[in-house]
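Common to both upcoming complexes is chain A, partnered first by chain B, then by chain C.
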Partner chain A sequence: MTQIKKFFPYLIAVLAAFLILGIALWVLKFNPLKAYQTLLFTSFRTPNGFIQTLLKWIPLTLVALAFTVPLSSGKFNIGAEGQMLVGAIGAAAVGILGRDLPPALLLPLVILAGMLAGAFWGLIAAWLLYQFNINEILSTVLLNFISFALIDFVATGPWRDPAAGHPTTVPIGEGGFLPMLVKNPPLHSGLIIAIVVAVAIYFFTSKTSAGYELVVTGANPRASKVHGIDIRKMFLFSMVIGAAAAGLAGAIEVSGVHHRLIEGLHSNFPTLGLIIGLMARGKNQVVPFVAFFIAILEVGGSAMQRTIMVPVQIVLIMEALILIFILLADIIKRRQK
Partner chain B sequence: MTGLEATITGFLKLTFLSMVPFVLASQGTMLGGRTGVFNVAQEGIMLVGASVGFLVSYMTGSNLLGAVVAMAVGGLFGLLLAYFTTTLKMDQFVVGLALFFIGMGLSSLLPKLAIGITLTPPVIPTLPDVAVPLLNKIPFIGPILFNQNILVYISVLASIGLWYILFHTNMGLRLRSVGENPKAADALGINVVRNRYLTSIVGGMFIGLAGAYLPMVYTGTFTDLMTKGRGWIAIALTFFGGWSPIPILLGSLFFAAIEVLAFRFQVGGSFIPYQFLIMLPYIATIVVMIFSFGKARPPAFLGQNYDRERRTL
Partner chain C sequence: MKKDIILQMHKVNKTFDKVQALSNVDFELKHNEILGLLGGNGAGKTTLMNTLYGLYKMDSGKVVMEDKPITILSPKDAIRQGIGMVHQHFLQINNYTVLENIILGSKVARPLSSNYKDETITIKKLCERFGLEINLSSRVEELPMGTRQKVEILKALYRGAKILILDEPTTNLIPQEVDSLFQTLKIMVTEGLSIVFITHKLREVLSICDRITVLREGKNVVSLTRKDASDEMLVRAMVGEGMDLNKSIMFTDRGTRTGTGTNSDVIKLEGLNKINKDMIQELTDVSLAIKSGEIFGVAGVAGNGQRELAEVVMGIQPVSSGALHFNSEEITSLSTKERIARGFVYIPEDRLADGFLNKASIAHNLILGYHHLPPYSKKGIISWKHVKESSKAMISEYQIKTTGPDEIGGNLSGGNIQRVMIARAFSQPSKLMVAHNPTRGLDIPSMDFVYKKMLEHAATGASTLLLSEDLDELLLISDRIAVMYRGKIVGILPKDKFEKYEIGRLMSGYDLESK
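Showing the complex of A and B:
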């Protein structure tokens, strides 16, 4: 009962956002009921819809964790975009250079390279914070823009696939492909990796002493410092872990979905990752569920654009509205206490 | 005029022209920050400003009206930020990010609803150069400084105006005190809430205008995500400028020079791959932050909400 009571204000928040946007859709002469039907049920109508949703859930969960893990220590990592892209570059580089290696060797190397490359990209921002006290919001965003140029450089460089119109590299070795869980429509085993990572992060932050130090740092940096926690190290550590998760997302996109590096493979995942992380209000264990909800909206949103011509940008606005209403629900809850 | 002189004149003229969005957005950020409202929605507000400014100009044929509406929308975002943070006491970063998403979504949605998808992109006339009589006849400096579009002059004059208001008027002193110590300011009878609303709204107007500048001067049309991180760079420049109008103006000028230089090399061709030239402004920002962070102190209450009923600050 208390669980329901706790959840209830957020449900109202979501409904309020739907209501407001429904009115907007109606004013714009779209049929809101039909729009919402498409938005919410496309994921469950066909096996393909469900698998598309899972395929979006994988990177969404990982990039959202890239935001919430540093947030556990009180730091805002806005750089999941860059970390994901650099992770994808690392994974693709290893996959192309080692294309003749057997799967038992190449696959772990590709995944590991993605994580390490992402972690490295996060480490730059973390180090700037540690060494020079540079605001991490700024450094991570600037690194995003640097990574866009970097991926363009790699995808149009010597590895470029001349047959592709869009900046794309040649495929990685087949040994680096993630095995498929379902052949048709394709669902790769990155799903399992993402689940394992989400569970591991939950255990780490809520059941281990190192994870506890991390969370305490975020809750009260001053008290943590007084009690002998090196909070600046905690900032560094949490940023790198988060960045590794984003890098992993990039590696999975390369190894599971595209089998090559494609400019723009990050799609809008990193932005949604921020929204998911904020909707989950920084709670690592809530992230996978919110990510699933957002994945449903994303799959439904593109279906909505295809079938009844509602511009897909509506979905981003709806997600931002839901976020604001969820935050408002928090305020109301606090006032009632 | 020799070839070299023409090159230098052209380069400097373009630098002053490119400085404007940075100046406007950074001054807007600075203004809000001076009372403690730390806006991180610049990128979204600039995008909305660009989108709305373009659409209104396109539909009415008046760039002035477009700019005014862009400012009004920017001010509306500033108002929302102030309401959620100052009145409802929500976290400033979180609200800022949410407004950024809304701005980003609206900016690409509005042109699709208003114009739809066309084969050739709809265009508006870009702002013409306005020569300042007499001054534009000064050799070398004249063509660079006094033959620019109107917003170049406005951005410089606004920076000087902000400097004067903040550091040489009573109102400026009150504004700054709210950002440094709201409790003390409150005790002195300064209206903390009103000052925060005021600076957040006016700051948002500056940022909206900064966005409208892009289609009105650079491209003549709106393209998705056309701000390319300028909003985020503006925050960095605000820190770099020590939350002070004149250093912000100079910092923006320096940054614009790097941007123009990178662009020139890109077009002119060079031994460095062009992607690394694209990176240059962002790397420069990071380097600049290394040297400026920790030196100039931001307002003490930057990013923190003020609760009158709380005992401790």
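Showing the complex of A and C:
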């Protein structure tokens, strides 16, 4: 009952966003009911729709966790974008260099390389924070810009695929492809990896004593320090774990979807990841569910554009509105106390 | 007879959130009297006076001053009506002079110049009239607490106060300063003022007040003149019927113990120095040793290095030089976590910043620091089932008012937060407890409960470092008392040498200054 009570204001917030956008659609002379029908049910109408939704859910969940895990200790990782890209670069590099290795060796190496490369990118910001107390928001954002130049360099350098019109590398070795769970429409086994990661992070933060230290550091760093917790280590640790999740998302895009490094493969996932993390109020265990909801909207949004010509940007406005109303609901709840 | 009443408050009600802080409280102040407003923490004394001074708006009730009803919506209104208030924490600008602090916020004769001749004359006259000796050109940060308080009183007088409210005015004063304050109050009353003296200390009320009003849990309990009052009556009025006074520590001198403690030193501090980042020397050559079963008290005016001492012992801050030994093991470089594993527990002074997780549950709070140790944790996995069970047990034993272990800490009141910290500290079998103002914010029965726990803890052979600003608390349960002044230990007194004025003299740094 209390859970329902807690959730209720957020439900109202979501409905309010739908209502306001519905009015806007109606003013723009679209049929809001039809638009929403497409938006919400495309994912469930066909197997293809559902698989598209899952394919979006995988990176969305991972990049959202890249934001919420550091947030558990009170740190803001805004660099999931760079960490995902560097993770993709790492995975692609190993996949190209080791293209002749057998799958049993190459696939784990590709995935691991992605995680490590992402973690390394996060470690730079985390180390600057640990050693010199440099604000992690600034350093992670700035590292994003470096990662854009880096992917440019790699995708147009010696590994460039000359046949492609867009900055793209040659494919990785077939041994580095993630096996398919469903052949047609294709669903790769990155789904299982993402589920395992989400469950592991939930277990870690809520059941282990190290996870407890992470959470209480976020709740009150000073009191945690006074009671023997090494909070600077917690900051470092949570940033690196988060970055590894983003790197993993990059590796899965390379190994499961594109089989090569493509400039722009991060799509708008990192931005949506932030929105998902904020909508989940920073709670790791809520992230997968919010990510699924956003994946539905994303898939439904492109269908909406195709079938009834509603511009896909409407979905972004919708997501922003939901976030604003959820934050508003929090403020109202606090005022009422 | 009605004529000698200067101020009345009728049926005052005030609620915070859902807590009824004041319910139908009546209050009366006569001309030329010192009225003691007595009660434990949370009794509503300060709340009542804050509504009078316009800091809080009362939900209902009225104020009558010299037979005329008045409304006070802000401190400005209160000052206009001749009501002044001196708070526990002074609102002063440290690097301003006494004169500047007094005239701050009042109109001056020559607003465009810094010539305050007229104001100086007025203030000097006030000083003479009330026997206050203050150098108007000293900067307030250089003054001792007692003098800074007189600056606050002077400020209220300068603004034309006829009624002066003093909120726990003796809190940070040494006994000598308390005597001097009482003298000033007596002069002020003969000069025509009326004074409300808010306190929780019985002895002060009996020695200075003409009349006494007791509040408990936001309600009037009794109002009587001093000659009708007795110790026992007032204690009973303050604590209510629920407490068995004969079994209490505070009212039966059970704190006096003999023969406890063995001769082995449990913890030994040798020549500790601590210099902070800004190159300020916070601790100077601190050496002391606490025996097994001993309660070692540390007295001192707040901010003389007590907090630094506590944090250095707990390993929260590093020392610059010197060594710490615990049962003959050198622990100078051990982390806080390693010290906790050896049986150190800490009740920090600043509970909100250093001791409590506002955003986490009560259960999270109750295991903080011990979360990685059995029985709460095994092989790095927390057994929440066990944590919940022991949390429930602690909530009922320590009477923490909460809906249960899952409630968010931020919902608790100050006194209940303190109970959580006390429960956490005593939930562990410990060898050394560092307790800094452990009873701050607790009502009388809870204070007594903490003393009982501390004595039981000492009886198991564990040592206690008790840092407190409440001299009565230290005198009651310490075996020895060290006095700190500017980061130095200026004296250590054994139990048979405990003497209030001697400790006060050491606290004022008199010995050091005269050298």
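Points to keep in mind about this one:
Definition applied: the second predicted complex is superposed on the first by the 334 of 337 C-alpha atoms of A that agree within 3 Å, B and C clash if a C-alpha of one lies under 4 Å from a C-alpha of the other, contacts with A are read in each partner's own complex, and residues count from 1 in each chain.
Basically, a contact is a pair of C-beta atoms (placed from the backbone, for glycine too) under 8 Å apart; a residue touches a chain by one contact, two chains touch by 3 or more.
All of these numbers come straight from a predicted model, not from anything done at the bench.
Considered on the superposed chain A, chain B and chain C are sterically compatible, since they fit side by side.
Using the contact criterion defined above for the overlaid structures, shared-chain residue A:208 touches chain C, although it does not reach chain B. Of the two partner chains placed by superposition, A:45 touches none, neither chain B nor chain C.
In the superposition on chain A, A:6 makes contact with neither chain B nor chain C. Contact with neither chain B nor chain C is seen for A:333 once the two complexes are overlaid on the shared chain. Judged by the touch definition given at the top, the superposed model places A:152 against chain B, while chain C stays out of reach. Working from the superposition on chain A, the chain A vertex angle toward chain B and chain C, CA centres, sits at 70° in steps of 10. The minimum CA-CA separation between chain B and chain C in the overlaid arrangement is 8 Å, rounded to the whole angstrom.
Of all residues in chain A, those touching chain C in their complex are 207-210, 212-213, 215-216, 218-220, 222-230, 337. Chain contact summary for the complex, chain C toward chain A: residues 17, 311, 314, 316, 335-337, 339-340, 346, 348, 353-360, 364, 367-369, 371-372, 376-377, 380-382, 384. Of all residues in chain B, those touching chain A in their complex are 40, 84, 88-91, 93-95, 97-99, 101-102, 104-106, 108-109, 112-113, 228-229, 232-233, 235-236, 239, 273, 275-276, 278-279, 282-283, 285-286, 289-290, 293-294. Across the complex, chain B is touched by residues 28, 76, 78, 128, 132-135, 137-139, 141-146, 148-150, 152-153, 156-157, 271, 274-275, 278, 311, 313-314, 316-317, 319-321, 323-324, 327-328, 331 of chain A.
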